[in-house]
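You will see two complexes here that share chain A, one where it goes with chain B and one where it goes with chain C.
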Partner chain A sequence: MAANTVPGAPRSPTIVPVLVVLALGIALPFLLTSGFHLRLAMLVWIYAILCMGFNLLYGYSGQISLGSPAFYAIGGYAFAMLQTMLGMGPVSAFVGSLLLVAVLSLLIGLPLLRLRTHYLAMATLAFMLVQNGVANRWINFTGGQSGVAVPPLEWGGEPIGRMGIYFVILALAAAVFIFHDFLIRSHLGRAMQAIRDDETAAQALGVKVTRMKLAVLVLSAVMAAIAGVCFGITSLRVDPSLSEFHVLVSLLTIVVVGGLGTRFGPILGSIIVVLLPQLLHEFGELETVVYGLFILLFLLFLPHGLSGLLERREWRLRRTEKKPAPAVTRNLKEELP
Partner chain B sequence: MHRIIQLLYRSAATAGLLVAVGAAAYAEPLKLVICHVDDRSGSAADTGIESLNGLKMVIDPLNEAGGINGQKVELITYDTKTDPQLAANFGTRCSEDDKGLLIIGGSPSAVANSLVTVANQTKTPLYILAAAAPNVTDNAEYQFRFGPKVTQDSIAVADALSKNGIKSVAIINNSVPFGISGAASATEELAKKNITVATQQTYDVAATDVSPQVINLMQADAEAILVYPYPADGARVIRTIRQMDIDKPVIMPRVGMMKAFRDLAADTGNGVLVPSSVDTTRPEVAELFKKYSEQFGPLAISPSPAQGYDAGTLTVAVLKDEKVQAAIQAGDLQGARDAIRDATTRHGDFVGMQGTAQSGYKFSKSHHGPTDEGFFVFVKVADDGKSLEAVDAAAALKK
Partner chain C sequence: MLMKLSYLLLAGLTNGSVYGLIGLSLSVIYGSSRVINFAQGEFVMLGAMCAVLFMVTLALPWPLAMLAMIAVVVVAALALDYGVYRPLMKRKAAPLTIMIGTLAGAIVVYGLAFLLWGPDQRYVPPVLSLTPMRIGFLVTNAQQISLIAIFFAFLVATWYLLYRTRFGLTVRATGVNPKVALLMGIRSERIVQFSFIFSATISGVAGMMVGPLLGGHVGMGLLLTVKGFMAAILGGLGSPFAAAAGGIAIGMMEALMAGYGTSLYAEPAIFVLILLVLIVRPYGLLGDYEAERR
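Right, the complex of A and B next:
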């Protein structure tokens, strides 16, 4: 039944579309006309990284976890504070922040993943609220609502320009994207989908459900932390707004628009969610209404999002091409005594 | 041979200089673009809309009169929807795409914090409006604040309580940044005046029932209650306080003046005291609010139009500044932004529509904002929330 509500994942045998997307990402800065457009492109990749983790967790494994913004914020804060408080370099701070988030998500995952459906959603939402409360209230440590400044990335003693930062973010996004794609197309991806569709059946088939769920949670948290670090080096600041509701709303909107449980959904959704407010600015006071209508139309007519539309079409075409297969099955059946 | 080479060098240098001078002479003057980047929807929509209207009250007549040196001021507006990341995007768009000379906005603190980062990154002057966060102008270079920091409200409250011999106060605040930083700064300032905080209660901003926290306030039996809410939850707090017959003076910095709070609280809001950065007993301030009401509809006292108006007044003064004009005419964008920053400190010590007749803005000082002392008067919610009355704090807080 679950397979009817969540699109099945096309297991494309090729990585070519992923490489094409990344090639477009490399070409993008040379096509854009201003630094502001480059900033928007960076935000697209940052949200894409964040949502790829969420996609693995919710879209492929069926774990409704709303804690991603908390890990996004913790990653950003850890990256900033390891540098400013412990004097670490950016690379070691980056590794340190990912390790910290991995350990934290493991500790949180152990008790929380016993919960299912909306109970898990509520518990992880509570974790996000707690994290946000700590970031806001522990003023001496986190800087309160002002947050923490992130030291600018440097190369040879000089701050790296926006173009350089774009390529740093693109490199991280590419690594996450290729890994995301690899997971989806591998046996691990199939195990994740089996858990999503029926945990008991997956267990009966030999999938180590608890271990798998925990691994995906940690992975998703680490991806969120990478996104948090990227946001930090882009904006040179992390503050409690990283784990506020608007981030969660953006995350869910990307999922709706891009397509849950799809290969390219996180990127397509991020493009729409980052660019749309800039395009709708012309509508003035009606901007929010138009934005809401747009999302509503997606929900009504494209429930699997843009990527779902493209990938399912591709998948259907492939299935149509393979029509002789059922005939073979029938013949085999006829041969049975 | 040597002389010929020298001659060639000199000729090339002279030609280069002429080209540079020519380019400067024919450089297109910069457009006078300023951006209002603030909430016009979201939790601080009222403040953003009112400040924009206040700003227009300065810019529109100026443009109708021909602008500055024949150039009209172009006002671009962006709605930040209480989303700091969207605010950072719009701020960057203003600086880099619109070639804005100045950004005005940032009523919610989170939005203001985002804009501060943009201002520092892009070296664009920023006039912050209502944000209460205490440190947005600490070590500031490009940013200046028109709204007082929450610490300044707390100084005014602690002063008034101390002068009236009040020794114990109960604080109730919501869990969003305004509530948290408001309560923290109040605790700090009250301690300086030896006033005890009998209890501090925090509730979720979306909580529908705040009676557990209000019961704790009642049991603490303090002499006055200090509330740091948003409008809707503020109304719930005051209703609960009244339902429980707690007859203590209630002080509600900032939010007590907001129309949304007064409408929702209705009769229960009567008597709530608010330290106000707007003194309507000043004739020029009363005139401003009269004009505002005629142009944009009825409005009770609110700091936002005054902040927008004051930001507009200073904007015009700095855009007319000789050094700023020189950079604008030369088409030097960064030069113009730096000149605006410097002109702001030169022209920025003034008494505007906010503050009292004695205390105004001190942009030449390191904190780039209103003066710490004497900036506030007290007002009282009256007439079932329909109006705000000037009040003598001494009389209102008398035991």
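Right, the complex of A and C next:
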């Protein structure tokens, strides 16, 4: 069923658009004047990292896990605690938190990936609620509501300024983005899509389904943890709000608005979701209503999201250039709404 | 000792009835349309908040208030049907996309309720008396008893409707295969619409009854939706009765854990338990129906 809704990924070369996006990212802080805008830009990249992991997991492999915010929070907490409690340096704390999340997601994934569709969604949601509950309630360890302070990043004894932190986050986002893009274009990306469209068929074709699903889950959890660490270094504090429901709603909105199983979807979606509340401020109390209606309109009128719109057009152009046989054209027309 | 246990079990049964009713209504919708409705808890919230609106602000007697409340939730259910379910079905959206659509619907309902009632906790008037009464060694009140009674009444009504009437047969047929059902002359869209209205009514009534016991505020829907889901998943999504049983189980566990352990960790512990159950039985405790379907 998912086959109808997600476009098959076009495998056009994307090095140029990727470089354009990254160049825009580098130019951005020089164009923005206030610190608030820079913070919004950082949030865009943080959400983009988080959602690229989710995109691989749900958009490409068809495994809906609502537990991403939990790994996002755990990554942030681990980064903070490894520094404050064990006295690690930021780099080793970063690596340590990613390893921790990788191991944890492996342990969670082994039993849970037996579940399908709604059952998997609910089980991972339960995991998120457990994580959030513990973060909120184990006050001696996690600081409860007020969370844990993250030591500011330093370079040669001097704390790094806002701009520097932006570039640290941009570098991490760029790494994740390029990796995400590489993975999608490789045979692994096609294997993931095969799992999404028909697990049994994929298995018959020699895709190691279980191993692949587990690998993607761990990967997406690690990406979420990177996002959590980035959030920690921008806000200098991590608290239970990282794994609250509104993060999950933002996450789902980003992948839907940006486009499920598309290459630039997570970034386009993040831009919309971070900036939209700023624009909706003038609606005052109507803000929430308008926000919900906006998601609905996107679902109804742009079923493949913003990125789907762009990539699809590109795909169609490429197809028509090749002048396919009539039979193929008819098939394509049936596929395209 | 026995007093405490029975008190806890009664409290568990009360909350469990609400979770069970939400689970029941979720699985009625799921049964006919394969859609998980993320806005189910918002119907409960609407039920409780409409009790505030109609019984306090407008000072209507409770039977009238209940009818007015049902009108409101039915309008909300129809809006969800026409605004989310049908257009997305026309686009052949995946079930999980429709789930995200109902989440958006829930955000809209929450936003509208926020405009009307604001963020504060509201006093929800009881429909029946809240004065304590004794039955044997149990201390309870009429509202609590009636909530549990309503739970069993809806359970029986749903069973009768689904398994003892011709109409129920068409509902179940739609759930098994909407296209074939359509070919057999069943208007599948109407059936789905009916299931939305039916389950919204159940949830609204549950909300009106539980409002005075839980307290009402506009943000209450979300956690109730989640617990309703957990109930449905724990029991098994395929059958309304399994879902209702799951709800009772969750309510009981919650009460027992709060009574004998710490109430602080009751909620996370429930979710851990549900995770464990799902690992052992991936289709829920009573979920054979669903397993058979595949």
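Operating definition for what follows: the second predicted complex is superposed on the first by the 321 of 337 C-alpha atoms of A that agree within 3 Å, B and C clash if a C-alpha of one lies under 4 Å from a C-alpha of the other, contacts with A are read in each partner's own complex, and residues count from 1 in each chain.
In the analysis below, contacts are C-beta pairs under 8 Å (C-beta built on N, C-alpha and C of every residue); 3 or more make two chains touch, one makes a residue touch a chain.
Keep in mind that this is a model prediction, so the values were computed, not measured.
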{"item": "Combined model on chain A: chain C and chain B, fit or clash", "value": "clash"}
{"item": "Which of chain B and chain C A:237 touches, first, second, both or neither", "value": "first"}
{"item": "Which superposed partner A:288 touches (first chain B, second chain C, both, neither)", "value": "both"}
{"item": "Which superposed partner A:214 touches (first chain B, second chain C, both, neither)", "value": "neither"}
{"item": "First, second, both or neither for A:39, with chain B first and chain C second", "value": "first"}
{"item": "Which superposed partner A:122 touches (first chain B, second chain C, both, neither)", "value": "second"}
{"item": "Contact breadth on chain A, by residue count: chain C or chain B", "value": "C"}
{"item": "Which of chain B and chain C A:276 touches, first, second, both or neither", "value": "neither"}
{"item": "Contacts of A:171 with chain B and chain C, given as first, second, both or neither", "value": "neither"}
{"item": "First (chain B), second (chain C), both or neither touched by A:130", "value": "second"}
{"item": "Stretch in clash, chain C with chain B, out of 21-29, 39-47 or 255-263", "value": "255-263"}
{"item": "Overlapping contact positions on chain A, where the chain C interface meets the chain B interface", "value": "133, 137, 285, 287-288"}
{"item": "Of all residues in chain A, those that touch chain C in their complex", "value": "1-2, 4-6, 58, 64, 111-112, 114-119, 121-123, 125-127, 129-130, 133-134, 137, 245, 249, 252, 256, 260, 285-293, 295-296, 299-300, 303, 337"}
{"item": "Touching residues (chain side chain A, partner chain B) in the complex", "value": "34-37, 39-40, 43, 133, 136-137, 139, 144-147, 235-237, 239-241, 244, 246-247, 274, 277-278, 281, 285, 287-288"}
{"item": "Chain C residues within the chain A interface of the complex", "value": "36, 83-84, 87-88, 91-97, 99-101, 103-108, 110-112, 114-115, 222, 226, 229-230, 233, 237, 264-265, 267-268, 271-272, 274-275, 278-279, 282-284"}
{"item": "Chain A-facing residues of chain B, complex", "value": "40-41, 78-79, 81-86, 88-89, 92-93, 95-97, 109-110, 113-114, 117, 120-121, 133, 135-136, 175-177, 180-181, 184"}
